[in-house]
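Got some structures for you, see below.
Okay, so chain A shows up in both of these, paired with chain B first and chain C after.
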Partner chain A sequence: MKTTTRAILLSMLGLGCGSTGPSEVRYPIVAEGAASAPFAAGDWTVTLDVARVSLGPIYFCATAAASSSLCPAAVQEFADVAEFDALRPSAQPLGFVTGAPGSIRSSSYDLGITWFTTQRTATPAAASAGRSAHFEGRATRGSRTLRFVCDVRAIPMLQGAQVVQGARVSADITGSNVRLVVRADAASWWTAVDLSEVESEGGDPVVIPPSSRIHNAVVVAMTAGAPLRFEWVSQ
Partner chain B sequence: MKYFVLSPVLMLAAAAGCGTDSASGDGRVQVFVEPEDSVTNGLTPGTGVENLRDGWTAQYTKFLVTIGNFRAARSTSSERLTEPRVYVVDLRNVPAGGLVAAEFPSAAAGRWDRFGFDMPNASASATRAQGTSQEDYDRMVRGRYSIYIEATLTHPAGRSCRPTMPTDCAPRTSLTVRWGLSAGTSFDDCAPEAGAAGFAVISGGTVQIKPTIHGDHWFFTNITQGAEVTERRAQWIVDADLDRDGETTFDELRRVRASDVFPSPTYNLSGALVPVNTAYDYLDAQAHTLGDFQGDGECPTRRDLM
Partner chain C sequence: MARWFPLRLALCLPAALAIGGAVPAAFRFAWAQPLPRPPADAGPVDGAPTPVSDGGPDAGVPPELVPPVMRETAHPTYPQDGDGHPVRVLLMLTVSPTGDVIAAETLGLVPAGAPVSFERSAREAILRMRFHPAQRAGEPVAVRLRFHLTIAPPVVELGEGPATDAATASAPGAPAGAGDAGATPSDAPPDAGGPVPVGEATVVAHAVEPPRAASDFVIDHDLMTAAPHQSAGDLLASAPGVYVSRPEGDAVAHQVFLRGFDAEHGQDIQFSLGVVPINLPSHLHGQGYADLNFIIPETVRSLRVTEGIYDPRQGDFAVAGSVHFDLGVARRGVLLRAGYGSFGTVRALAMWAPRGEATETFAAFTYRASEGFGRNRGSQSGGAIAQYVFRGPAGFRATAHFAGYGARAGLAGVLRRGDVEQGRVDFYGAYPDPSASAQSALSTRAQASVALERRSDRGALTTFAAWFARTDFRSRVNFTGYTQRSRVRPDWVGRGDLIEQANGDTGFGALASHRTPRYELTPWWSAAFEGGVGVRYDLIEQAQNLLQAPQNETWDRRVDATLRASDIGLYLDADLRITRAVRVRGGVRADVLHYDIDDRLGNFTPAFQRESHIVGFRRTALGLALGPRATVEVSPFGWLKLFASYGEGYRSPQARQLEEGEGAPFARVRSVEAGFHARTTDGRERLSFRGAAYATYLSTDLAFDPQEGRLEPIGPTRRVGLVGHLIARPWPWALASLSVTWVYATLEAPPPATAANPSPPYTPGQLLPYVPPVVARADARVERDLVRIRGHALVGRAGAGFTFLSPRPLPFGQFADPVALLDVSASVRWRAVEAGVECFNLLDARYAATEYSFASDWQTRTVPSRVPARHLSAGPPLTALGTLTLHL
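Coming up: the complex of A and B.
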């Protein structure tokens, strides 16, 4: 959007009401993962060695639901796509959230693959390396050890929608003295998978195919079972 | 693409307080509870937007809900309308003229932009609505249900396939469900499908408000946000009949991983009020969305009443 249009729209917030707060906010967004530790997934004990996640863009809406009709424009947004290490607990800078001050009640976001109304098909962002997440890990069951790799592609269901649509959040952002912390628990995305599905596949490591139930289980967990958590922290 | 502009809600908030409602006088507000056509007529197979895409026909034989605590407010003033009464309603047997669940004889003329209601879990304090049997009322209160349905799914060439082994299928042409859910939910900020949120009262006139209970959301392929941009499919319910006895139970739904019956991106399970890990979770999530407004209008602010 052109800067002039943006300025006009921002100025509308204060029309005739004597607004004294900032007309724009800009604050950092960071990601925090969780250190790798063995966890159970069915009969297997799994350890993740690599868990890289692409996140963005993210749109924050004032409405609790986030359809294009209820939220035709975001209050605030993280317009970029950035990758982070979901096994690293320390804060990893992703960029900045910008927008107007106000209440936020829902978020919609993509995991590095967008399907805007201007795109003919779902399209990976350049920063996402063509995927939403990349995992490498080991699974053991008795004396059997299975190494695996998985590139996850989480694709929006509809053109114009995000892959996570209308996730509930709650924040009232009045200024730029906050930062947004995005928390990810990669292990929770893998607890519902059944690695037996690929046990007989060849290769070391086994490459988990996108058509597999395992792949779908990870996508469902990332988007609905244990989605990213957003927390605004004063700074 | 979403751009960096102000949302309509913020713009509305900016406008609020800068002016006054110039309407004067009072009008009457009647709140009717009405079922969507899918409750009374079922869903048929086909390619239309309201059809079940996978060949199944769904027909309800019972559709009970708990509904009430109707409320309205105006952003431009402190005026409120409230009717705390809660009803247990047999939606397949509401009076021909509609079930009037609340009436406000003296509402100030002008727009009431905030309308909401609850579909709570039933308690003994609920009122049995006209057309609802004592047996059904007792069933709802005893189970603390917000929703209870009985339905039959039919498909002349239907099959039930194991969620964990989709190639292991058996013929299944008819399947029943009997589900009572404690999915108490509040619905607010209701808006018609087109036009401004809430409703308008005309001085000396009567406005009819119709919270509308939808019967097809568990067939949706996503948790809709506002407009119902989705498809309707029933196969997941049939596949979840793990013992293949012709009835899908909650126990079976809880044993089915969501990812085994909801393939992505045909389905998108995000945006639910509850985490979705099992097929039961998805049913529960959709049971939190049935409250709509004036037909296909939405009440986008939903809260779990536990």
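Coming up: the complex of A and C.
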């Protein structure tokens, strides 16, 4: 039925004084990175040249302790997967967040690899090129320069769960006149990494394997140590 | 009798009665009197009375004259100024060649001092009656006949539902006031279908009980059958404010909306059939689950739809109101009907209503099969109902009843509206998924009852009844696709949310009541009192599991319980007449309910906790529900009645939600209403209009939770609204009805967000979800003789019903689309053969029988959405059914 017709009908029926609960909201989501700059990681000085991160889906819940069982219905969601450049400070459109107005107290999300209840194994999204993040960089220690490449795979621990469960956020979304800014600091994910582990590996660049401690340290940093930050700003 | 019979046999019109409609009136045929001329008060009908012959009352009936046969009766109303005793009204009727009563002349009242209002009541009822016309040499002719109508006070139906009517026979020549003093069917066939030569026969009709409120409706046979119906539940559509659908297929109870209440499968409406309650307490699929599919629609004589709670006899589940099905077959004899139509639908009906027995005596059997209007919608069902009325001496009357029914149907389930709009799944289809394809439902019911009643000469009425019913229900439905996680084995997920529900209920009960004679305290003040008790016991077995299709392997257990529930009710009712224009009725009802719950999965130990006890939680609860009801009725003029009503009712709790020692927290409802009933007083009641403004306050409402496939509390709710119902009978062969109900229904205090439900779909003050603010319904029917073929009329009949629902609010700020449906039927009958066609949803509107809003994952998107989305269950498209009927 056409919206106009419905509006007329409802007006005629005197329903204008009655709300029907919250209506739908839809607003853009953008990602902002941090410009590349050398930073210290142990006794290495690291410079990231490439940091592409896959993000999504994101489910925003009203409870502070969300999990797949405690948040069967989300308030809002970004039901997609998109990749962004974590070294680019300018806003990169990822898509739209949709849902109902309301309070958001937690977020649960994946980094491009999902393990939905209907997936037998953890599965990379098509937009993620089979990984959660792709990094290329240079590390120097004295005269030693080590170029490295790392494809990070952040996999949910349980089927039906997400790689980040119940991350605290706080927002009261009442309309669509906002946008969600996702902020990523790629350098912070590598500060706790000891690249000496791969120093002796051959190849140029050195490929950091997924079974390495470096890989796991980056995953932990991305999902727990320095996770993505969500900020809702008025448009 | 013997003294009179030979003479009467020779002189009198054979009393061939086939009483239809809800109220068997007291009909006493005397002489069929050929018309010398059209009566002065003959109405403007086709086929003016044809002179047959001269002859006075004793001149006898020409042997070739075939007398008229009663085809449809109508309700007489026991006048307000009656003293509680039967009154016989002697009339001279003129029955036209079309079978219509075109004139009714009052000859007298017995006793002679009876109020003149009895005459008016009798004339109003008789002018609405219809006959198969008298015939001479195969040609219909007009006749005049003497007719005795005895109007007796209303009989209290033994069920917990409102009182309806019952008929008894009186001996020929029985004195007035002793009309129910027991004739046998053989000497006084009250409602025989075929011409039976009887000297004089009197059938006493217990008039329909006066309404308890302006919106206390009796849907008589005329109106009920104006539009085509596919099931007994669909008959409710003709009542104001009612919308009926079957979103879960042919083996699951109807979903009923009544006056701002989404009664789901019966939670807010008390349904009863005769003395047997239909609602099932604490049913797993929905509190008060009432499956009406076992009722064969052709056996329903009338419906009483009481909207509101104003009668002390209304018990559990009478929150929005109550519906009472009254069974009876007007057209006596054998009826064989076969139908075939769209989607391979086949229906067969065999019904036998033995002539010479009461209209409530009959046996019927039906079978129906259909491939359904879309994928996984096939169904089969069969049922039988039989009743027999015994008449004993001294005013005793007994009715034995049994019914059986079984149905199995596939279910297409619900579809995400977005998937339909984007072409991922057909509107009438189902998800191509093993879990969706495994959806089905099965239901069975077997019930029996015996009801005894005795009416004294002074008008007292004593009743006693006992009933037994066994029902079984098993459904497999998947609303949410693949979202659930096993509680027993948390690592099991994504196996399909195919919820299996099983509910078995063995119920039995008894009822007794006594109504006193009317005591006249002063000439202008009289009173009658009534009291009744009822007991009910239910033994309920419940189970709910998650199944993995297609092997239906159990992968989670959610409910495994045995419930024992009892309801002991008491009511007192007083009927005070204060002056001739004011009547006050009211009383109080009290129910004590007890529950014994063996919840075998209670105190469940989650997988991540160490076991510290044996799983199981047994508990008991008992509570009292008490509520007054009262109605003031004022009749300032003969054509106008004003009503003001107030009542408090209750709905029993879902037993599994009770805690140990809890006082059975009933959902309490308060209902108030003011309205009027205006009607023309031209005898035929060409126009009747009821209007009412009402408000209801419910302490705890329920709404469907698709996560669990059952009803969950949503807090207190409030409804205010208006209802109007117009019935027009402009000509004897035409009937039209229009009703409009508007309601403003809001949630007062929905449950707040919790850890288990962090995103509650409801906010305080919002419109009540799923409830259509406006429900409009129109019915129309015409029936006339078309032509004559070989001396017999070809009778044509056409009917239509139109339903409109305004957009329904859904959770999360959404509205369902409006619904507009048109059903039509047409038939022709020649002698014993009738052919017809019925079309449902003639405009082929594509509509949702019901809509929900919740989160689901049917794997139709790469990334599943967890935000609640609109889901729909498709209503049936254009459906045609051809029928061939033999009346033997």
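Operating definition for what follows: the second predicted complex is superposed on the first by the 214 of 235 C-alpha atoms of A that agree within 3 Å, B and C clash if a C-alpha of one lies under 4 Å from a C-alpha of the other, contacts with A are read in each partner's own complex, and residues count from 1 in each chain.
As a working rule, a residue touches a chain if its C-beta (ideal position, glycine included) is under 8 Å from a C-beta of that chain, and two chains touch if they have at least 3 such contacts.
What you see is a predicted model; the values in this text were computed from it and never measured.
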Partner chain(s) touched by A:G56 [first = chain B, second = chain C, both, neither]: second
Partner with the higher number of touched chain A residues, chain C or chain B: B
Partner chain in contact with A:D80 - chain B first, chain C second, else both or neither: second
Chain B versus chain C as contact partner of A:T117, first or second or both or neither: both
Touched partner set for A:T98, first chain B, second chain C, both or neither: both
Partner chain(s) touched by A:V220 [first = chain B, second = chain C, both, neither]: first
First (chain B), second (chain C), both or neither touched by A:Q159: second
First (chain B), second (chain C), both or neither touched by A:A125: second
First, second, both or neither for A:A167, with chain B first and chain C second: first
Contacts of A:A192 with chain B and chain C, given as first, second, both or neither: first
Contacts on chain A seen with chain B and repeated with chain C across the two complexes: 1, 6, 9-10, 13-15, 19, 57, 59, 61-63, 65-66, 68-75, 77, 79, 98-100, 102, 105, 116-118, 158
Chain A contact footprint on chain B (complex, rising order): 1-11, 13-15, 17-18, 164, 189, 221-227, 229, 257-260, 262-273, 275-277, 298, 300-302
Residues of chain A that touch chain C when the two form their complex: 1, 6, 9-10, 13-15, 18-24, 56-57, 59, 61-63, 65-66, 68-77, 79-81, 98-100, 102, 105, 114, 116-119, 125-126, 158-160
Contact set on chain C toward chain A in their complex: 482-485, 491, 493-494, 707, 742, 744, 746, 753, 755-756, 758-759, 761-763, 765-767, 769, 773-774, 806-807, 809-815, 817-818, 854-855, 857, 859, 861-868
Complex contacts: residues of chain A adjacent to chain B: 1, 5-6, 9-10, 12-17, 19, 57, 59, 61-75, 77, 79, 98-100, 102, 105-106, 116-118, 122, 154-158, 161, 163-168, 192, 194, 213, 216-217, 219-221, 223-227
